[in-house]
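What follows is subunit A paired twice: with subunit B in the first complex and subunit C in the second.
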Partner chain A sequence: MSSSQLIKKFDTDFTNEVIEYGSKFFEDVENVRSCIQCATCTGSCPSGRETAWRVRKLIRQVQLGLKNAAIKNDVIWDCTTCFSCQERCPRLIPVTDVVRTVRNIAVRNGIMLPRHVQVAGLLIKYGHAVPINDETKAVRKEIGLSELPPTVHSFPDALGEVKKLLDGTGFTKLIEEASKGVQK
Partner chain B sequence: MSKYAYFLGCLTPNRYPGIEAATIDLLRMFDIELEYMKGTSCCPAPGVFGSFDLETWLTVAARNITIAEEMGRDITLTCNGCFATLQEADHILKHNRDLLKTINGHLSKIGREYKGTSSVVHVIEILYNDIGPERISDMVVQPLDGVKVACHYGCHFLKPSSVRQRGNPENPTILEELVEAVGATPVDYRDKGMCCGAGGGVRAGKIDVALEMTRKKIEAMNEAEADCVTTPCVFCQFQFDMGQTEINNKLGADKYHLPVVFITQLIGLALGLSPRRMGLHRHRIPVKPLLDKIFA
Partner chain C sequence: MSDNKRGRIGVFVCHCGHNIAGVVDVQAVIDEISKLPDVYCVDHVYMCSKSGLNLIKEKVAEEKLDKVVIAACTPKLHEKLFQKTLEEAGLNRYLLSQANIREQCSWVHKANPRKATLKAIDLTKMAVAKARLLQEQGKVEVPVEKAVLVVGGGVAGITAALNLADLGHKVYLVEREPSIGGHMAMLDKVFPTRDCSICILGPLMVEVGRHPNIELITYAEVTKASGWIGNFEVEITKHPRFIKEDECTGCGVCAEFCPVEVPSEFDQNLGTRKAVYLPFPQAVPLVYTIDPEHCIGCRACEAVCEREAVDLSQKEEKIKVKVGAILIATGYETFNPAEKRNLGYGVFKNVVTALELERMLSPSGPTMGEVVRPSDGVTPKRIVFVQCVGSRDESVGRTYCSRVCCTYAVKQALELKERIPGAEVYIFYQDMRTFGKGFEELYREALRERVRFVRGLVSKVVEDGKTRNLIVRAEDTLLGVPVEAEADLVVLSVGMVPSKGTERLLFVLNVPVSEEGFVMEAHPKLRPVETQIPGIFVAGCAQGPKDIQDSVAQANAAASKISALLSRGVVELEPYVPIVDGEVCIRCGLCVAACDKDVLKLDKERGVEVKGVGCVGCGACAGACPTGAIQISLLSDEMIRAQIDAVLEEKKEYPLVVGFLCNWCAYNAADMAGVAKIQYPTNMRAIWVPCTGRVNPLLILEALEKGADGVLVLGCYPQDCHYRTGFDKAKRRVESLRELLRVAGIDPRRVRIESMAASEGKKLAVVVKEFVEELKKLPVLGGELVRVAEARR
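For the complex of A and B:
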């Protein structure tokens, strides 16, 4: 295959999608175009030491428009968002922000890890990703704190506000849809 | 007396309430009062919810911030995850008018509005900037002489530096200075700046990957002969404390048992706070070997 044939396969839709979506929230996302594949990012990556996750490769996939390769490989969920790569990129690419953006796009395409669907469910139900349990209630009492903390756990109206927001932003629906994908 | 709005988050009140008690009691010794923010939710956790849907993440974060705005106070907290979320949300909403409009549109449905009047300050900044190592040193009643401490900052205290705007994240020293202020000795160890392994939804989504990172960090701290690890992040604390027991269970052996204490718990020990009130007896990995060394 000649290089001109390879270039024909570039699909800039995904590149543009990442830049457009990411730029709603973060600065300098368009710098993703200027990656020189130096691997400072992967060389700084604690997760890449343990797993097949190569963040440099994700940046290349974004440049080449390889959407399915990027969002359907669950190694994107190996990143701890430690920001070491983002701090050190010599091309000032907000690498971790690109990871967060690509993950958002994956979820919008119905791709999530089963355990993440569960955690999202906890937020929707309790307003806490880690709700209280009986063991901690007992510790709180024992050390002189209120049995329930003064969070949404103590204020049903406040929990109602959070639920209303999660409905309003479309989050509840988004997770419902993604959970169907997970079950498939 | 100065006052801060205390944002509890999830893990502090719901898993390590001793951190809540230690932090309130310790700051009170310096005439700083922490007032609870009533009705707050999950921050929401940056690694998971920021990865799922950034607009939702910002909206729920903004609601939490409005509670401090109503109190007329700046926010403090005991979790780098909460810090990452609330500080970055505040930063984004102060710099991005389009998003501010969108997010306030969501908040108007529950009668709230983000105004941007409360700053977000990490508790370690109160310890270091508002109080300072010297005043802490002056209050020591039980010096931690001879105690070797592995400091773990956690990723999100200083990174991303373009958002945090708190200086160079590569080689911070404020945790070490606080540890030295109470007579203990910070030790260098391999991969000190490395992540605990829990963030980004990795603990929730891929526990084995998270635990392998944790194991490597604990190994390095053990090689440096640390008596404990200290951190300003309850999520890192959870990962080291619960994580060691999970690793031990996987191995079927009691191999890892490095005590894990929050920075306010460690300073609290030197300033005479009760280990029991600080919940140290309820940590997964027994803190007793550390207490024995301190109170020998």
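For the complex of A and C:
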């Protein structure tokens, strides 16, 4: 990609989207505009030491409005949300909250990692992100507990209610579409 | 309105290029103002330009104008210039009234040109209304005390003191520490030339010590001040040093025998000194000091001093001086890096500040010029500099750049390279700002000498417990790679913060400061060495972070300004005289009680009388008077009332707010909002007052009665009040008024009093916005007034 092409992709809409959407959940998201790329964030990042995740670059992409570059890059899921960057940012940018906001926008655009789609599928089906298996059942029995915990596993009606909630919020549909993408 | 008697008023509306005309429809203002019967109105692109000023002079003659209104920028900028123009046109300078349609209008209402234009019309009408009542004032000239007080004996204070003394002025130089020299005396080499700091400062210090026109008062602080430009009375408290200054020769035998060793402040606690000490060998005056905090009273010093200079009975001394001007040169302190816990200062021994390194580099320092690791005294081989510690960092409340750290780090890196063969030096930075003359060349030299620059701030320093080496973590942003460097020594490039001494002094002198705590200049570009208090000047880092070159330049500028004042011999004061109408005065004495300056006297027969000079024009008397019998010449009740009427005869906004803005804080805050282009609603019409204490509650009531939806009284923080108690008085009056309003059935939320600093443009904008929002939620005031009237019946 030549640099002139890149500049054409600059789009303040995405910057505004991150600030507006993020501000529904977090404080001071608009501070993202004053980032000067000092890199205290990446320097603090325990994930970045092991992976290709550069939180500073995400902030840059948000500032420049590079939406696709930001949300389509799998590395945004490598953040462990430890908040070290947010804790130390000299410009008081809620860095981790910006990461979480961008992830939310990615998901709303149907962009998820296959393993997340998988886990979400389990939640929809069983009401548990990690449903019980035979092994756990055996252990529970061995230590004197009921085979199934007192959750939706024991109350099928309640599972129905969970499903209703997930349908109502549009979660089920989102995951269905995403899983089509994963299959592709 | 008897126009014929009052004559014609010329209204000059300035475009200020696009600054005003880009938002305000100047022609509409002219059309509207021209409708006034006694007015001649004309515009100009730049009223402050030569042709603009000539236009004023021409029109005064041609149109036979008696008074002049200028609708332009804030009067704080060009009032003096326009006053002078009036004089050149043959008018008394006090026949000028200004409408601030730039800072208070076009700059802060960009998104709403229509309403901004309406507001500009109102502001101009208010100025015209005030102008109608203006009267000629005589000149008040007082002699200037031919002496100056310089507070702070760093390089700025020293430079200014010598300059002034050479010009023949008497200088009192007050220094808090036992010796003059300031931070510059602590430095080894100075950039960009890398010459020895004390070698260039030392001779100047000596000269200060022996200059016949300089009275050096060290180990002392300014504790009280009163008076005004040309005539300040200052109390200096000199701490006892328990050594007779006239007797001590600085031989140092006392220190040799003193058994007490404590960390040396001058050496940044890296070395030690005795309880009787000289902070450094080149100290001026060359006089020892006994530190009472650590002295155990063994009197060994007394026994060995041949000159019998030790005097343990010395007491604190109060020195009173009279001066015509005061220079604040109180310098800075370095940022305390312990506030940045991720950097390990104070926890890991081998993390030091740049000033500590500077003391190590100094041949007369605690290590005699050897750079060593504090943990084991070993010479470090790999040294990492951490930039921007306490600068550009909102997380510690320091938003500004300290301007010297980039270049001093480069200088220190070069020193280390030279003194430690094979040393590796890294500088972790976010931007290299080597902006001054010769600085970039130094940066280039450092690159050539293989100092390694890494673009990325240090996020964390951790210690290897065994080796006491440090692991520095950061990202090299130019590579996009997280990096770790193992260092023997980490140097924190700490920024500059206002010194605690400055803070106290500013409180004593009542000088406004910026948000960061540095002294605010009268104008950031055009009047950089004057403070907002006439007769008080500033130089060096008390005004903001700067290097030695800039400090010296500023000190020279301040000296020249002060010299001009002292040489003139007289100073013109604003004609502040209270005027009492004996017929109206009911002899209640409230004004006498309100006056802090003891200018008024109550005579049961004749009413209140003005005795002598000393009035500072705060107007607290007029603010207290229940009958309007006492007035101040610069702003009478009638002038305030005329402005209120001018706005409310045709209400152009809903809700409409009348604001009373104190000259010292709130008015400046509004100007700051203008300069910073902080946008806020157009609803307020501001009336300038010398102090909120001037605001008579009856005038607030009048504004409401005539149709204002709310009244804002905006002044200083109580402790910053230029007249000490003005804001407190205003606060009490407004609080009582609100209670009265509540009882009368008028929502007290319609009147609000707020404090703000001169630098708080943002706060002013927020206060106005919130007030307008609140007023919008209230029912219209008319209903309340009708109910009050009905209840009265």
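By our rule, the second predicted complex is superposed on the first by the 174 of 184 C-alpha atoms of A that agree within 3 Å, B and C clash if a C-alpha of one lies under 4 Å from a C-alpha of the other, contacts with A are read in each partner's own complex, and residues count from 1 in each chain.
One rule holds for everything that comes next: a contact is a pair of C-beta atoms (placed from the backbone, for glycine too) under 8 Å apart; a residue touches a chain by one contact, two chains touch by 3 or more.
Predicted model only: the values in this text are computed from it and were never measured.
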Which superposed partner A:136 touches (first subunit B, second subunit C, both, neither): first
Which superposed partner A:27 touches (first subunit B, second subunit C, both, neither): first
Subunit C versus subunit B, contacts on subunit A by residue: B
Contacts of A:82 with subunit B and subunit C, given as first, second, both or neither: first
Partner chain in contact with A:43 - subunit B first, subunit C second, else both or neither: second
Touching partner for A:54 - first (subunit B), second (subunit C), both, neither: second
First (subunit B), second (subunit C), both or neither touched by A:67: neither
Partner chain in contact with A:128 - subunit B first, subunit C second, else both or neither: first
Common interface residues of subunit A - those touching subunit B in one complex and subunit C in the other: 49, 84
Complex contact set, residues of subunit A against subunit B: 24-25, 27, 46-47, 49-51, 77-84, 86-87, 94, 96-97, 99-101, 103-104, 107, 112-113, 115-116, 118-120, 123, 127-133, 136, 139-140, 143-145, 149-155, 157-159, 161-162, 164-166, 168-171, 174-175
Subunit B residues within the subunit A interface of the complex: 8, 10-11, 13-15, 17-18, 20-21, 36-42, 44-56, 58-60, 63, 92, 96, 98-99, 106-107, 109-110, 112, 155-156, 159-162, 169-170, 191, 193-195, 197-202, 204-206, 209-210, 212-213, 276-279, 282
Residues of subunit C touching subunit A in the complex: 342, 388, 392-395, 430-431, 455-460, 473-475, 477, 480, 482
Sites on subunit A touched by subunit C in the complex: 36-45, 48-49, 54, 56-57, 84, 88-92
